[in-house]
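Next, two complexes with chain A in common: one pairs it with chain B, the other with chain C.
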Partner chain A sequence: MHRGDPSLPADPPRRLTVALVGNPNTGKTTLFNALSGMRQRVGNYPGVTVETKKGRLQIAGRMFELIDLPGTYSLAPRSPDEMLAVDVILGQQVGEARPDVVVSIVDASNLERNLYLTTQLLELGVPVVLALNMIDIAEGQGLRIDVDRLSRQLGLPVVAIQANKGRGLEQLRAAIAATALAGAGGRPRPETPAEPTVHGDGALPPCPTFPPAFEQEVEALHQRLGPSVPRFLVRRLLLDVGGHIEKRWTDRQSPNGAAVSRDELAAARQRLAEAGCPVPAVEARTRYGWIRAALAGCVVRPAQRPVSWTDRIDRVLTHPLWGTLVFAAVMFLIFQSIFYWARPLMDLIDAGRTWLTDLVIASWERPGPLRSLVTDGILAGVGSVLIFLPQIMILFLFIAMLEDCGYMARAAFLMDKLMSRCGLSGKSFIPMLSSLACAVPGIMATRVIENRRDRLATVLVAPLMSCSARLPVYVLMIGAFLTEGHPPWVPGLTMFTMYLIGLVTAPVMALLLKRTLLRGETPVFVLEMPLYKWPSLRTVLRRMTDAAWAFVYRAGTIILACMIVVWALLYFPTTDAEGRRYEERIARLERLDPQTPEVAAEVRRLHGEWKARSLLGRVGRAIEPVVRPLGWDWRLGMAALASFPAREVVVGTLGIIYDVGDVDPGEIAETPDVRQTELGQALLAAEWDGQPGRKVFTVPVALSVMVFFALCCQCASTLATIYRETRHWFWPAFTFTYMTLLAYVGAWGVYQVGSWWLGT
Partner chain B sequence: MSAAVTLEFLLPLELLRSGDWADVAEVQGEPAWVGRLAELGIRAGSRVRMLRHGSPCLLQVGDARLSLRGEWAMQILVRPAAGPQPPEEPA
Partner chain C sequence: MLSLDQLAIGQRAIIDALEATGPLLQRLLEMGLLEGEPVEVVAVAPLGDPIEIRLRDYRLSLRRAEAAGVRVRID
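Right after this comes the complex of A and B.
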């Protein structure tokens, strides 16, 4: 065994941890990617919806763990999500070591405000390295920053960097290593240095000091709560009216069981107001006062702020008319691409699945449960997961580019007025719009919404938007029952109405949710417009692959499981009333001559009989009384049940159950005349069991089926994605329940009104 | 006429026209919201410029551009600054 470096402590060197903290739009993610390289992983914590990213950082042969904490303007936690950063830095997050160094990344062109967060880090007593990012842009605006003087006056290592170009990263690495090793000697770090140390040009304390009257109140509370409670949190308890710590420690109890009542807090705040340090003004005054002193003489500004590129671009892009036109064009491009660019890739994935299935069937001659599980369960399931990837990756390509170049905030600004009418903010627009193509990427796109309630509301209503999977159902029903014998405008109007159902229901439901289940104080809609810049290829690719991986890994496994369960319900039992196996009967027939029409018809009849006898078929019969008010027979009910993994499956199931064989929903969607297809013919001819001459499908029934599929959540992928994004089973269960109820009531209403209207 | 004349000339931020400069005199409302705005640099004494009025409006605060909804902009009282563009001077 080798002896350690003499400059290091004698103990085996433990892994040192570096945390990255900064305001949104400071290039934090770019810096993280630049420092950690390609190997990253996502850290999740219970009860928290935000993710942290983790990576490794090697400096001079020593490994550091790098944590990217969510972007924030301050460490004044208002929610469990915001508390995460505080807990990690204080070393109170279970499973995380207290960081040895915090890199505070700031936007060099907006130092004063960015340093607000830095002062809170200093108060936490953790060693801080300041990274002045986007120094080139600041210089381009005519700002001159004296980095050495700033470092002396702040009492911190300060490094000017350009994270996107990799400039200054070597110095930053060196500063991180030096600071980490200086603090890693085992000496416990005081949370707030007791003695103001004199440094730099004057006697500026190492972090902002609150007025004595304030500290007295903090001291009194600290005594009550006990010394194990970090003083920083006691200050936050006093400063953040209605904040997370106040809620946590007054509703329940503080970590030591010493509860503080709301009245006591109110009284303390009242005393502070009388003493001339009202909450929360005292914090802003104290911090900005210290920042001004620390910045004195370090920053030289031009007498006249030059008109920047961002100003010029914004004159057009935030303009009520021109900006909206550009926005509409961008949205059209995104929409078009998730609809049409993704198509060839999706077809390719589908063709690959078919090829593999044929290969399995060809090389595995004996039919049986295992072969069926592989082809109809696993391969179909994996195919239905992968089929989403083109849309997800294309949507995230756009989202990442729009976000990285700074346009996303402008889009949210332009759409805010519209979206505020349904209780949401402008940030909900793109997720909702994307859901018109597919709810899965749409729900994943809600990650751009910081406000938890807004995000949840958007996630819960996004599946109401009419996605492309509903199209085959609409085309089948309209094509078969609403074309011949109807005026030529009927099919178009019906299709339009189906889309309108989602476009109207989603905002109304969002408003309803925001008023009931997701009620809470209106979020402060303050949105920062970052500077425009060229999107970084690396960041964009990273977001795309992250989104794809998150979907495959988390949602994909659930989708696959669902597919296999439904496969089993449709596969078993495998024998007819006389105990003969369907697979053998079918195989025997196919060996005869599958080309003969009589044989082919018999094969399809056997497939239909088998599905009707399956477990799901039996459930379908059992629930017939439930679907009767919608005008449905048990076949429709069973097809709706079988379509739980995905809506379009209903088309294939109807094909099998009406003895016309498996029907590809994509082909139905592209058929010029549905009435000429076998499925169309079968549906037109379908009659109620035991009631010869009574047709199953009438116009009201067709409408009832369409309305049901417009509003229901028969989509395991959507539900799995909701689970993945909310990390709780309640939300997908809730979505499924409310949408199914809505669909049932809607279909019932349409059928009843339609029957009365048409007198059938 | 009345005492109001002698009062300072304050108006809600929302009433500034595009291109106007003003100094924030007071941020009213819930402490949590006042604190949030202070973190973003909007507090008594800071100089702001209305880039685009309306709801939401677009503001220049220091070197940042922030968007704010009308109902919130009503709670920020400002003192309009005369003249074109006075450079912000640290106090």
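Right after this comes the complex of A and C.
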């Protein structure tokens, strides 16, 4: 009986759950971080692409579970993603306890619209605490809010807070604890009061009351569906035309098997329209009407709306000329930082990997499969995962700052028209731009896009943008085959064309996807332009580390597995035709003193022969007929296969297979004259097997290789990231397939046209 | 008949009716675009679309095609 009484020790206390709900841009994440401290977990749900965050909250010695639900303007679910919050609050989400309290966080400077969501929470039968955030900004705009009166009129505990400064959090904690314990001990709040109870200052019902005609229709449907169905969902069934509940309960069956047909729903809506409460307008009218009444006398506005900082800043930042210039500068800064500033950190990671590899080799003298697995498989794999972290963290540093300060919405505003031409919205711009440096952070950045189809389209075309891993391939081919004997503008133009291929193909492909596989009604753009504010350091750092961790944890394991598979394919079998082990032959040669050039050449030849005899080498030979239309011999085919983990690997593989040893793609990219390098020499001299004098590489072949690598998806990290973001194997498989086809056709076309043009 | 997308920067008007349908209509209503609410166009994106409006106590941007579904009258 006394379980809920805080003065008595509970026997054994059930862990209470607090859910955090609010509109976007209300500082919800900041509040969550401030309440839950450093230890946070991510909640994933089957069939849903959004996540929740969970933390612990300690109040007066009692532990609460805190769950941060995705930000939303309204609980009118149109998709499984949007249904998640409703299911959690109603206690219908498998694996989640029903919250004992919902904290509704609202922007104090924009109360009317923020309270819309709160009024929906009031109907869910769960106690609500209202957190009035950014109270300082509201006061700065001359708004005076009478918190006590607001609390009386809304019939809720209301606490004014400044989440970013930590102000008011003690009072908020106390209100949460008091409400949770009162609710846990007593009866839950009735879902819909039968009689409007009079309380507070006026005769305001405790939540918006819909017109009787509407409630009659709801009642009739509720009778049909049975009392176990929450009344809130019955209202949603009637209100959300084409919404998630309608789809779920008319296509299949309601929870009790009592199906409602679409015709019945349409008839009910028709009756409501005739009764003067059309769906869905009746909801907004009812809620906003109640909110105005509840706010009466609680909020005093200045007679003249003062010109705010946001107004002044926006005069520049959304100005046709200045806004565009600032935008270009910001985008340039982001691009520059992920393209160049990440470089030293990436080099450091690479140097660390090399150092560790050398250490292993030095202390583990006997070569063998295990040593090779550690150095060429695991260490190389871990290195190739960690190498992405600088770019991911720098990009998310910018994204978190831009989102937190309010500029992200302006960027989408400025770029929307351009992106809408390829069926996307302004929110796809930053992910696409970032993909010019690397598709992995670019794909992760698509999280800012709420619409599922827009987000998928962006994810699927982002890898077409020419990333920095393609650069070594371009430099090698252009440097070796398109410099000497060509006009001086040829190398630059070729490089530009390679970038152009991605810049043109990606939007065309996006448009194609939006017209076919991802077809659907144009998503609503309607976008809030939040107030500008200083980004919170904690929120920004948190986003950065979360993004890095998510990548390492989920994508990293897949990348590592891919690297090990490719390593094994290149390592086995380990013996030559006479059954002698390559490793031992190479080790014996390396022990010779002095190391004459002949010995070194023999070592490189053995490495090349070993790769050629490996499983992947055999596959390369087997598929030669497939790559021959591209002008490639089996070596090129095999090098392309071996570059599945990452495009730039092709450079190193070519080096080994042409007996010049492993070549660092980074060095090739910075070489002033590729023709003077050993690899450049080897490629220039390469001839077809059994056809002395017939060169492998001609200008059309070089172009075909470049076009192939511009369009293909030889990047395990990208595919792993696509899996991680879409939670389905279909999408990475689809991306790999369509890009490989595109690459093959592109390379074939370039080679055929080029050969015909040059008459070779 | 005037619609929201036809207003110039700085022009104020009162919402008369919403002619949108489906998810757009519902989103506009949720965001507080109701009959009788005053709105003001505050900016237009460099490429002419979308537009930015002020209503209630906040700012909202929407595409011209979306704004065309909001009928307004000049007070």
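By definition in this document, the second predicted complex is superposed on the first by the 743 of 760 C-alpha atoms of A that agree within 3 Å, B and C clash if a C-alpha of one lies under 4 Å from a C-alpha of the other, contacts with A are read in each partner's own complex, and residues count from 1 in each chain.
As a working rule, a residue touches a chain if its C-beta (ideal position, glycine included) is under 8 Å from a C-beta of that chain, and two chains touch if they have at least 3 such contacts.
Only a predicted model underlies this, so the values are computations on that prediction, with no experimental measurement involved.
Asker: Tell me the contact category for A:292 with respect to chain B and chain C: first, second, both or neither.
Answerer: A:292 sits against chain B, while chain C stays out of touch.
Asker: Go through the superposed model and pick first if A:273 touches only chain B, second if only chain C, both, or neither.
Answerer: In the superposed model, A:273 contacts neither chain B nor chain C.
Asker: Have a look at where A:324 lands relative to chain B and chain C in the superposition and call it first, second, both or neither.
Answerer: Once the two structures are laid over each other on A, A:324 reaches chain C alone.
Asker: Looking at the overlay, what does A:42 touch: chain B (first), chain C (second), both, or neither?
Answerer: Once the two structures are laid over each other on A, A:42 reaches no partner at all.
Asker: Return first, second, both or neither, reflecting whether A:418 touches chain B, chain C, both chains, or no partner chain.
Answerer: In the superposed model, A:418 contacts chain C only, not chain B.
Asker: In the overlay, answer first, second, both or neither for which of chain B and chain C A:333 touches.
Answerer: Neither partner.
Asker: Kindly classify A:303 by the partners it touches after superposition: chain B alone (first), chain C alone (second), both, or neither?
Answerer: After superposing on A, A:303 lies in contact with chain B but is clear of chain C.
Asker: Which chain A residues are contacted by chain C in one complex and by chain B in the other?
Answerer: Residues common to the chain A contacts of chain C and of chain B are 73-74, 76, 78, 109-110, 112-113, 116, 240-242, 280-281, 283-284, 288, 310, 314, 318, 320, 409, 413, 416-417, 420, 521, 524-529, listed in rising order.
Asker: List the residues on chain A that touch chain B in their complex, please.
Answerer: Listed in rising order, the residues of chain A that touch chain B are 73-74, 76, 78, 107, 109-110, 112-113, 116-117, 141, 239-243, 279-281, 283-284, 288, 292, 295-296, 301-305, 310, 314, 318, 320, 409, 412-413, 416-417, 420, 426, 521, 524-529.
Asker: List the residues on chain A that touch chain C in their complex, please.
Answerer: Chain A reaches chain C through residues 73-74, 76, 78, 109-113, 116, 143, 240-242, 280-281, 283-285, 288, 310, 314, 318-321, 323-324, 409, 413-414, 416-418, 420, 521, 524-530.
Asker: Show me the residue ranges of chain C that touch chain A in the complex, using the header's touch definition.
Answerer: 18, 22-32, 34, 42-50, 52, 56-63, 66
Asker: Note which residues of chain B are touching chain A in the complex, please.
Answerer: Listed in rising order, the residues are 30-41, 43-44, 51-52, 54-56, 58, 61-69, 72, 85, 87-88, 90-91.
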